[in-house]
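Each structure below appears as structure tokens.
Okay, so chain A shows up in both of these, paired with chain B first and chain C after.
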Partner chain A sequence: MTAAAQRSATVLRAARPASMRRDRRRALFWSYVFLIIFVIFFLTPPIYMLITSLKTSAEISAATNPWWVFAPTLQNYIELLTSPVYLTFFRNSAVVSVLVVVISMLVSIPAAFSLSRMRFWGSTTLATGVFLTYLIPDTLLFIPLFKIFAFLHDLTGIEFINHWWVLIIIYPTLTIPFCTWIMIGYFSSIPKELDEAALMDGAGYMQTLIMIFIPVALPGIIAATIFAFTVSWAQFLYPLAFTTSADQLVLPVGIVTTLIKGDVFNWGQIMTGALLGAAPPLVIYAFLMDYYIAGLTAGATKG
Partner chain B sequence: MKKLLRRKSTIAFAMALPLLVIIASLVIYPAFYSIYLATLNKSMEHFVGLGNFGFLFTRETFWMVVKQSVIFAVSAVFFKALIGFFVAHFVHNVPTKGQRKWRGMLLVPWVIPPAMSTLAWLWLFDPSYSAFNWIFEGIGLHGVNWLGEPYWARFAVILVNVWFGAPFFMIMYLAALKSVPEQLYEAASIDGANWWQKLWFITLPMMRNIIAITALFSLIVTFANFDIVRVLTNGGPVDQTHVFATWAFRVGIESNDIPLGACVSLFMFPILAIAAIFILRDISRRGNEA
Partner chain C sequence: MAEVTLRQVTKTYDDTPAVRGIDLQILDKEFVVLVGPSGCGKSTTLRMIAGLEDITGGEILVGGAVINDVPPKDRDIAMVFQNYALYPHMTVYENMSFGLRLKKVAKDEIRVRVENAARILDISALLERKPKQLSGGQRQRVAMGRAIVRNPKVFLFDEPLSNLDAKLRVQMRIEIKRVHQKVRTTTIYVTHDQVEAMTLADRVVVMNDGLIEQVGAPNDLYHAPKTKFVAGFIGSPAMNFAPCKLEEMAGGLQVRLNEDIAFPVPQGRAGRYRPHLHRSDLLFGLRPEHILERRSQPEPNLHAFDVTLEVTEPMGMETLVYFRVNGTEVCGRVNPNAGAKAGAPMRLVADLNNMHLIDDASGKVL
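Take a look at the complex of A and B:
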């Protein structure tokens, strides 16, 4: 904005009639009212999780005010965090998610560099194609994958079904297309002169990528990492279809299938487990909100 | 040979190769393989052509699933877009320094893994201890059998899906709102436009692209939704809330009829194809503008 335009804008603001200011105040008031209503709607389930997790089974079944804790206890947390089954779920989830993040980054960063900068035959079509594969949902692929793993078992003798590590093979299909897409967007915004200068100085392509692109596009890499981690942490269908034994389950499936036993629902413990399972993504979100949102909006704004 | 290895395009191809291998072997190949699977008989021994499809068309449950999937996806996306749009406006209206805080709280449903948050909803809807019914009864209304009656169960799965997805729309629309130049509104105010006219003639046209692409994305994801329905109702009562994904899981994995399950999941393909065409058109149009 030029100085003149800025001045005229201030003049305009000063010249606003009183009715307009009153309108603004009323709009502000109603905005707050509705924001509070929606925040209540959006936060009710997590808060209710917390409330229930602090109750004993006796208090839950006593059917008192469900929205209040009369005798808060950390019993549920202690029980779960010392239960080997739950800790196994947690470990499986953590190992799978971290490894999937590493694989996704190792694959998608060089691919994005090559697709956005090095242009080879068919590279633009390929970039679009990568994005389209992101749209093929897991719910379409789990049945053929199930059959393919059975077939590979017959062929090689390696059992894929009911092993947690099979998830490390499948999850990258969910993360890599979108991570590559985010990285293509970030890499394209880096001025061409930068890598041309590096190449001129005798740097190889790998050096250019590692010494220049990765540091410059670090915010994009963080956003992609967060995306990959949250997707792998939350994935529910593949582990439900491919793993069944209690020691092979990851957190979401573990909580849904093992804490719910027949008709006896120990809700205090289920809610505790769910809340602890939701904690890692929530903590990441709390500390890296801007990167989280950058990754979220990258798909539509850059696509 | 050495020369070929040093060529730029060869290096570029090598760097993209892992991506291509993973996508080709674990996405493209299974996608086509499921088409082949859908043409086999239950024991996967011989080819039955379109026999599975013919069988599905005669089953009442299948048509129920089709209907429910469409109702579920369309109404959930509609309400997500509507709520997202208005909430984005409310956030945009409040002073800038407070926006971060509101945005932070409003995005929480999207951050919690859906399988986890749906458990909280399951507990809120519990037949005997429903916390909602406690409030209803407190103000003199009858409690609702949330997940036991077909209509309420359908309402519940849509509600949870809207709750989970609306924050995503909110974030998208908020980003779009921020990119609308303030001067347009100032000019409109001077010309005497009211808020409705500003919304209709400035905000909506400026946000058209984002609205369309977000709705399209969400339609794909919602159409293929699995987690929420699976955890909340598992298709019940009496298959009334099954969508394609959960029914495909029931038929394909739990009842061990892989070809029929593949067949069911293939019905998610048309919507994908339509979406892909729109997105491709959008990308190529942007390419031409650039």
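Take a look at the complex of A and C:
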């Protein structure tokens, strides 16, 4: 090796850490650029909602600077939170969502357990089938579902349409497939020896599920819970199609149908209602975010 | 405490036979090790005894009762798994007491049993920890503790030491033996490590390709293997095999390996070997520890021969020497002071008291 080559080799060795630092700094710079763009893009609507919710109708229609509140007021909040009809929407939404979460979990946890652990005839086909049902867009299903309820009404005399509780029957058809699928993945990542050990210790299937699988798979179950809650809380199309009377409405539909009177848009209250409606999922996400991420990425790596 | 009996047990996975008819009688309080290469059916056999696999054919009896259709939880058998399979959300105490809690054993009784098992295994200080706060060896002890507290009829171990590092493995091996001497429960232990098998077992069951090759005490398997497979599997480094011919010589028989090397057959074996005279498909088998450096005094049935060494491996207490006979690599174990050097000629002796003659076609030791 010549002296020059040696020198250039040492220069290269010394240069490498510096260039890695430079690469890292460049990567960080661009990460921040894009993160800031996304944050602005996604936070602008809620901030606009918050600003508008603090304005009086007069100020909104006065077309002052839309990004500034000149006379802040809580009038919209007070009116909504004291209005019986809005509280009914809220209650309907809460009851529907909680019950849907409970039903989804009661069905999809045992379903996922049996599909991932009990090898029975057709279990893999069934597991794939569960996932395929999730791939069908919701919007394709509401007309057939409507027809089915009409048919059931003719058959049994029970009126399904225009009752808030019909949503408790409908939403699980959307949530259960996905929740089951998440949990099949999660349960499959639990080592087989664990249930074999429980089996040897004398546990039956039910005991293995309740005492071993549910505690171990808690992050996955929480992820599924959040998903089920979000779906049923934010659903718009189905309640719009299936419920019409004001006392049967849930929050998203209720805000749109009752706060828009004819061609009068009560923007202040619409924004307030939407903001309050977005609060419960936000609170749940904030508390369970870590679990949610752990649940969604489970099985990607071992451990 | 119970005997375990296997009668013509078979297991087939979608037409692929895993276990092809096993007969085995395991005595009460006995420590039996199933050993063999991977895929030989040893784990499948164990899992059939546990009830984790269906039995395709034959019968398994525990304590005299057929358990083929008894669910695992009613077999009163405890199993220790390779990856410990501790319940990650429970403390050591909860892990160990899980089986007893399911059986609704009284709380005081559970506490006594768990503490007793913890004392035997030296894990009393760890009872409130979670599995992830334990080292590999400690987890292994907890897994054993979980089996001991149940006081089952039979312990099953499925390669329990293969996740541990070499040093810990030796420690835990001794630990398992110590525990068995204390609790005296019938134990069936599966491993692919012949050293574990030899050191732990009252009797070793060597399996190959879904069948039992040989059952016997460790020393019997070592000194009197019945098949070429057992001869090659038990012992490390493995037994040397070289093609040979059996010839008549003055006053007896001799085994000829090539033009230069021929060993006289010890008198005691001549009668047994005589029917195989002049066969061309025989193998000569001799363990490395029976190929030694030259002795100053001639001893009966130690026969000297000359080779050129290819490789030497000093191990400290001995040196392994490798050379070729008719193209077959042969290993010997000599004294480190014997002056073995790679590439140099060396005079070695073969201890023919320990020779084996193998029928290569059937794999049987003659």
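Note that in this section the second predicted complex is superposed on the first by the 258 of 303 C-alpha atoms of A that agree within 3 Å, B and C clash if a C-alpha of one lies under 4 Å from a C-alpha of the other, contacts with A are read in each partner's own complex, and residues count from 1 in each chain.
Please note the rule applied: a residue touches a chain if its C-beta (ideal position, glycine included) is under 8 Å from a C-beta of that chain, and two chains touch if they have at least 3 such contacts.
Everything numeric here is computed off the predicted structure, so don't read it as measured data.
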Putting chain B and chain C on the same copy of chain A, do they fit or clash?
-> fit
Which of the two partners, first being chain B and second being chain C, lies in contact with A:Ser116: first, second, both, or neither?
-> neither
In the overlay, answer first, second, both or neither for which of chain B and chain C A:Asn76 touches.
-> neither
Applying the touch criterion given at the start, work out whether A:Thr175 contacts chain B, chain C, both or neither, answering first, second, both or neither.
-> neither
For A:Leu194, select first, second, both or neither according to whether it touches chain B, chain C, the two together, or no partner.
-> second
What is the contact status of A:Ala203 with respect to chain B (first) and chain C (second): first, second, both, or neither?
-> second
Chain A: partner with more touched residues, chain B or chain C = B
Could you look at A:Thr225 and tell me whether it touches chain B, chain C, both or neither (first, second, both, neither)?
-> neither
Could you tell me if A:Met289 is touching chain B, chain C, both of them or neither one (first, second, both, neither)?
-> first
Apex chain A: angle to the C-alpha centres of chain B and chain C, given in degrees as a multiple of 10 = 100
Check the superposed model and tell me the shortest C-alpha distance between chain B and chain C, rounded to whole Å.
-> 10
Please name which positions on chain C make contact with chain A in the complex.
-> 50-52, 72-73, 77-79, 81-83, 85-89, 98-99, 102-103, 146, 150
Hey, which residues of chain B end up touching chain A in the complex?
-> 8-9, 11-13, 15-16, 18-20, 22-23, 26-31, 33-34, 37, 44, 83, 86-87, 89-91, 93-94, 100, 102-117, 119-121, 123-124, 126, 128-129, 131, 134-135, 163, 166-168, 171-172, 175, 183, 186, 189-190, 195, 210, 213-214, 217, 220-221, 224-227, 230-231, 244-245, 248-249, 252-253, 258, 261-262, 265-266, 268-269, 272, 275-276, 279-280, 282-283
Within their complex, state which residues of chain A touch chain C.
-> 191, 193-194, 196-204, 207, 211-212, 215-216
Can you name the residues of chain A that touch chain B in the complex?
-> 9, 12, 20, 27-28, 31-32, 34-35, 38-39, 41-46, 48-49, 52, 60-61, 63, 65-67, 106-108, 110-111, 113-115, 118-121, 123, 126, 128, 130-133, 135-148, 169-170, 172-173, 176-177, 180, 205, 230, 233-234, 236-237, 240-241, 252-253, 255-256, 267, 270-271, 274-275, 277-278, 281-282, 285-286, 289, 292-293, 296-297, 299-301, 303
